[in-house]
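Next up, some structures in structure tokens.
Paired with chain B in one complex and with chain C in the other, chain A is shared by the two complexes that follow.
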Partner chain A sequence: MAKIILNNQEVETREGIPVLQAALEAGLNVPHYCYHPGLSVVASCRLCLMEMKMPHPKTGELGWAPKLMPSCQTPVRDGMEVRFDSDKVHENQERCMEFFLLNHPLDCPVCDQAGECHLQDYSYHFGKSESRMVDQKHVTPKKDVGPRTLLYSDRCVMCSRCVRFCDEVAGTGELCITNRGSKAEIDAFPGKPLDNPMQGNVVDICPVGCLLDKDFLFQQRVWFLKSADSICTGCSTGCSIRIDQNEDHVHRLKPRFNPRVNQWWMCDEGRFGFKYIHDKNRLTRLRLRRGESFESFRWESLAETVRYRFENIAKKQSDKKIAVVLSPFLACEEAWLLVKTIREIAPNATLILGPVPTVEQDERFPVGATNGDTKFIIRKEKCPNRNGIELIIKHFGGNTETFDAFVEQASAGEYAAAWISGGYPTEWVSKDFAKAAGKIPFKVVHDLFGSALTDEATLVVPACSFAERDGTFVNATGVVQPFARAIKPPQGCKRDGQFFYELAELEGLYQSPTVLGMMAAEIDEFKEVYVPPQLPEHQH
Partner chain B sequence: MSEYEKVLLKNVGKPNSRQLATYVEGGGYSGAKRALEQTPDDVIDVVKRANLRGRGGAGFPAGVKWSFLPKDREVTYLCVNADESEPPTFSNRVLMEEDPHQLLEGILIAGYATQATVAYLYMRAEFTEQYHIMQVALDEAYNAGYFGKNIQGSGYNLECYIHRGAGAYVCGEETGLIESLEGKRGWPRIKPPFPAIQGAFGKPTVVNNVETLANLPHIINRGADWFLGIGPEGSSGPKLFCISGAVKKPGCYEGAMDFSVRELIESDRFGGGMRNGLKVKAVMPGGISMGILTADELDMKMDFSDPAKYGLLGLGTASAIVIDDRTDIRKVLRNVARFFAHESCGQCTQCREGTSWMYKMTNRVERGLGRLQDIELLGEIPAKMGMMPGLSICGLSDGAAFAIRTIVEKFRSELEDYVRSENDDAVRIALEIAN
Partner chain C sequence: MAWKAIDRVNAPTEESPSLSEPLKEKIRGFFDRYPTKRAVLIPALHMIQDDHGYVGWKAMEEVAELLEITPSDVFDTVSFYSHFWTHPKGEKVVMACRSISCDLLGADRVLDECKKVLGIGDHETTPDGKYSLMTEECLAACDHGPCLMINEKMHKCVDPANVRKILEDDANDKLDIPRSNLYDGANRTSA
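Here is the complex of A and B:
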């Protein structure tokens, strides 16, 4: 710990961090572009300059140094005194803002960044309303730097964050700076477009509207977007994300700062992997089999029917088994409610963890990083909650089975009934599994998309996507993290948590924190839930 | 102006002055041999006592620079700054073209003093012929055992490589040079860490100018007191001066730092007076980035301390451009602004945007489309850009600021007269077209 005097006030902070970071954490709005805590310091935007007390070179007396110091480059030392509120500092900020706008096109009305643009915000706070330059602006080109990203170089403020990101975090180094002086531009190397699994982050860290996400371009004005704090379900890393939506349509995902999991970043796989939410082929009707065909069913009768049927089977076919297949896409609360209910009805029900979609290996960044210098991992398990589901299965104990063994036993006709939860964004039902499931006389299939399995089902329960649900995931490293819902489920669907709640014969509305509390009373691992710190605007 | 016997340029004009044999015949490499017999600290001590100030522009004492190296270092690199790109400076070029072994001997001495293992001679891209001259000389020196392993039986090893730049003014800044040497974009680094702690390839590094190193053999041979005896206190030792412009004898000359700009122009030893009866209108005495003098300020002494009294940044490279009375000051201003806008590396906002804005304005002023506000701004931007220290990573913005600010301040009435005589409508229409 270190104490510094910041604008005449004593502030407690940490020794060695940049003064700028300390000032931002103390709630000061210090303008800056090039500084980003996840990247190396270049101190080139010169916007965060501060005054600092230093001993006079001759007399040794402590006084304000005549030189302005870059606060991003100056580490905190115990007892130091700095200020950002002097005329000298303000004058520099004002001048910098004038310089930044000299060649910047004032095209905010058609710029995607407008509304969340640091150039707009800082101009408003620190700049002047008019430019004194009457000459023609430099016009630099708009470039297509990669399959997902555009670069409008005329809007660039040369903070070089994107270049440093590609060098230091992605480790792929596709971006560079060409030309010199005010004609300098960011560009991709010839024949090497910006196309790495982490590249979407350059759009996030770009403080202005220079780097643009083609997927989001011209889709929404950002001030119409409403956000919810969620967790990415793309892999078991469990990055903290923000779901930006308008009128129940998700427009983009943005990473949220989480010091224990993803820092400031997320991968493209997760970032653009949400499109299935709005897929037209999603299941949206609760359906019950009547002979060869299905008929619509009312949600109100679901809990009663399911309980009744399972109870019946448990009583009458005690020589056969009942299965509960829990998808690693379920939230812990949902899985817990489901298992609790079924085990109440059928205490010997077998618990099975659904298939865990896995690719060959983890992807580490920077590319080629080993354990020590890894900054980001895209994990090989392409689901968010295997750990959480395993915790719950372990807690309930009793009969458990691996998925493969379950498929084998099912094809041998050992099961009389099954609840099968899916919720995978992609095709997950193997031929063997579909065949085996055909041997189970009564099965409830709870899934996002239709498949060979839903065709065979007795009861089809449409599932909700992560953006429509709330609950808790446990990531690959065992961090228990809550996620909130962003949008309403599509018409005809019901929030999974809600109908599990009703199934468990609990009164009222499903609230994930309530269920979490009930779970935590039984399972120690859920006592501690990690919520990353909320950062104010312009802070990293 | 005292009598002066040439030291640095004494071999210039000798037949075969580039060859090792000629150099050794004239007493060459005796300084290096003498240095190798002493301890490195002794060598540093002599250079410190001689108060050899860096000839590259900033005038920082070389011996003091060396002593910043950490004591427990394992590897040290010596970078020789031959990226001579300050207009109108060409003294390093003369040293390398005419007497390459003098520089190589200086490199050997500096390398030994700092216990460097590798010396890099960083030459600007435009030095093509000079590069070949240096390479031939270096090969000769290697063959004669002045570089490589166990130099002259002393047990000291020094490798020397010539590295050619890619053509940027800013690579003359020592950390820009190091970045460029490492194969990166020539962007000056933020300090600390200073090169003496973490320089080229992350190792302790010393960067010295060509002329500074060329002085070393003579200091070792003749001693610190000899060096201190030349020129005034604080500005001792032999110095090269370049003079160009409308003088009778433009060129590179050697002298002590004990004469004025007027003498540099008028004296037969140097410029030999103005050509064709032209009169001096202005002089940029230290390279363009130090600022400008009017015809009334020619009494400024060409030493390290006097330029500040005339509002200049420093002595710089002691290379003067003499501007005659036919010259339109607007053209000078535009030319200077163009240079800095072209050479600004683009890292720091003030320098990147300020220089290009000033170039746009001076361009318009030169075309007869200036406004009084432009003159006002041309005074204000540099005053805020480089005069307030700490606003940029390196000194380029200070140089740009001094060059433009002094021209605008000292020739303000002339600039304003031009602007006032212009047709207001033409200015207005031109600006409308521009936007």
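Here is the complex of A and C:
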């Protein structure tokens, strides 16, 4: 703890953090470009300069030092006095802004960043309305710096955040600064483009519209986007993300600051891995088998039918088993409601964790990092909630099986009925599994895409993607994190939480916090849900 | 994308020389003079430019490998110093001063005239490989501006109208007094 005087007011902060950080945390809008809490400090943009009191070299008397100091590079010391509200500081900000705009093309109308650009915002708040430059602007070229990213050099403010990100976080160092002074540019070595699994973050941290995401380029004006706080389902790291959508179409994912999970970052796999949610081949019809073919079925009748059929089977075929296959893509609430319902009807129902898609290895960053210096991990388990589903299976206890054992037993005809939840973004039904499922006479298949399994199903229940649902996931390190829904489910689908809620014969609308409360009463792990702190308003 | 100006995704198409084994060995010879291999970059670049006349893409990549740094790090350094050339340098380098004294005396018109006569821009080389043009910050003859230096020969008080004549003169880089061997680069590096 340290107390400092900031703009004539006493502020409590932490010893040793940059004064800039302390000022931002105190709610001040201090303009800054080069400072980013996740990167090394270079103090090169000179926007964040402040006045600081120092002892006079001769008299020792405290007074305002004649020179301005970079607040990003000055650590907080107990008792220090600084200010950002003096004319001197404002003049510096004005001159810096004029300087940043010297060679800038002012092409906001065609710039993707417009609306969330710190050149626009700062120039409005701290800049001058006109430039005194009479010379020709120095024009720098656009560059195709990588398969997913473009660099419009002419918009760059040379903060070097992108270069430091590649060096310090990704550890791949593709970007560099070429030339010098007013001719300096960000560049990549030809043939060694910006192409690492974390590269999308450079677009996020670029404070202006210089680095651009090809995938998002010219898709939307950002002021049309509405956001929801969600969790990435790409792997079990469970990065905090923001889903940006307009008219129920997701246009991009952005990382949200989360000190316990992903800090400021996310990986490209997660960032660009959402496209399947708008796939035209998604299942969007609730269908019931009638002989060889299917017919449409009404959502209103789903709960009653499913309960009735499971009850009947439990009663009449007590020599056979009933299975509930829980996908690691289900939210905890959804899995809990489902298991609760089926176990009420059939107390001996067997609980099975669905297949966990896994690649060979975790990927650590910076590349080559070991345990101590790891800044980011892309995990080998490509699903968000294995831990959560396992918690629920453990809680209900009783009959449980591994997925492999279940497939074997099903092939031997041991099951009379099954609820199988999928929701995997990619193909997940193996030949063996499809064949085994063929031996289960009554099966409800709840999935995103059609497969050999849905072809065989008695009842096909279309699932919703993560962007259409809300609930909680438990990540690889056991952090319980809520995620919100961003868009409406496609026509014909119903939110999974909602029909599970109805299936459990609960009244009203499904609200994930309500269900979470019910779970927390039974399962200790759900008593504490982690919601990351908001970044200070003016931090970026 | 018609407006796409520079492609960094694909490897450069122009041919450029590789580091020869003796050159590599010479660079390695500097390793134990510095605390890190990275620190050998500047002397290495000098040796490459001495040998090839310029530091091409291939050389940059190979020296990066040798020094265990990224090619972008090398590109960063090479482009920082305007005296390193990333493409073949002409037999004669015309350096036009663009600093304050010369500028006040009309250096911009001299530079424009050079560009016109040679048909090339700043830091470019004529197709016949004869001339390269670059700008320089103060050639240390401020009292005689505007100045042009061709290789090591200084031309003072240059009148834009005379630029063509100067550039067409074969002896435009002949020194009035021969350079002392004492300062000769070749002797220095062999020490």
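By definition in this document, the second predicted complex is superposed on the first by the 536 of 540 C-alpha atoms of A that agree within 3 Å, B and C clash if a C-alpha of one lies under 4 Å from a C-alpha of the other, contacts with A are read in each partner's own complex, and residues count from 1 in each chain.
In this section, contacts are C-beta pairs under 8 Å (C-beta built on N, C-alpha and C of every residue); 3 or more make two chains touch, one makes a residue touch a chain.
The structure displayed is predicted, hence computed values, not measured ones.
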When chain B and chain C are modelled together on chain A, clash or fit: clash
Chain A residues touched by each partner, larger count belonging to chain B or chain C: B
Which of chain B and chain C A:I177 touches, first, second, both or neither: both
Chain B versus chain C as contact partner of A:D144, first or second or both or neither: second
Partner chain(s) touched by A:G354 [first = chain B, second = chain C, both, neither]: neither
Which superposed partner A:P255 touches (first chain B, second chain C, both, neither): neither
Partner chain in contact with A:C96 - chain B first, chain C second, else both or neither: first
Partner chain in contact with A:P328 - chain B first, chain C second, else both or neither: neither
Contacts of A:P482 with chain B and chain C, given as first, second, both or neither: neither
First, second, both or neither for A:P193, with chain B first and chain C second: second
Partner chain(s) touched by A:G38 [first = chain B, second = chain C, both, neither]: neither
Contact residues common to both interfaces of chain A (with chain B and with chain C): 176-177, 179-180
Contact footprint of chain B on chain A as seen in their complex: 41-47, 49, 66-70, 73, 88, 91-92, 95-96, 99-100, 102-103, 132-136, 138, 157-158, 176-177, 179-184
Residue ranges of chain B touching chain A (in the complex, touch as defined): 168, 185, 190, 341-350, 352-357, 360-361, 364, 371, 373, 377, 384, 388-393, 431, 434-435
In the complex, chain A residues that touch chain C: 141-147, 172-180, 187-194
Contacting residues of chain C [partner chain A, same complex]: 1, 3-12, 57, 60-61, 70-76, 79-80, 82
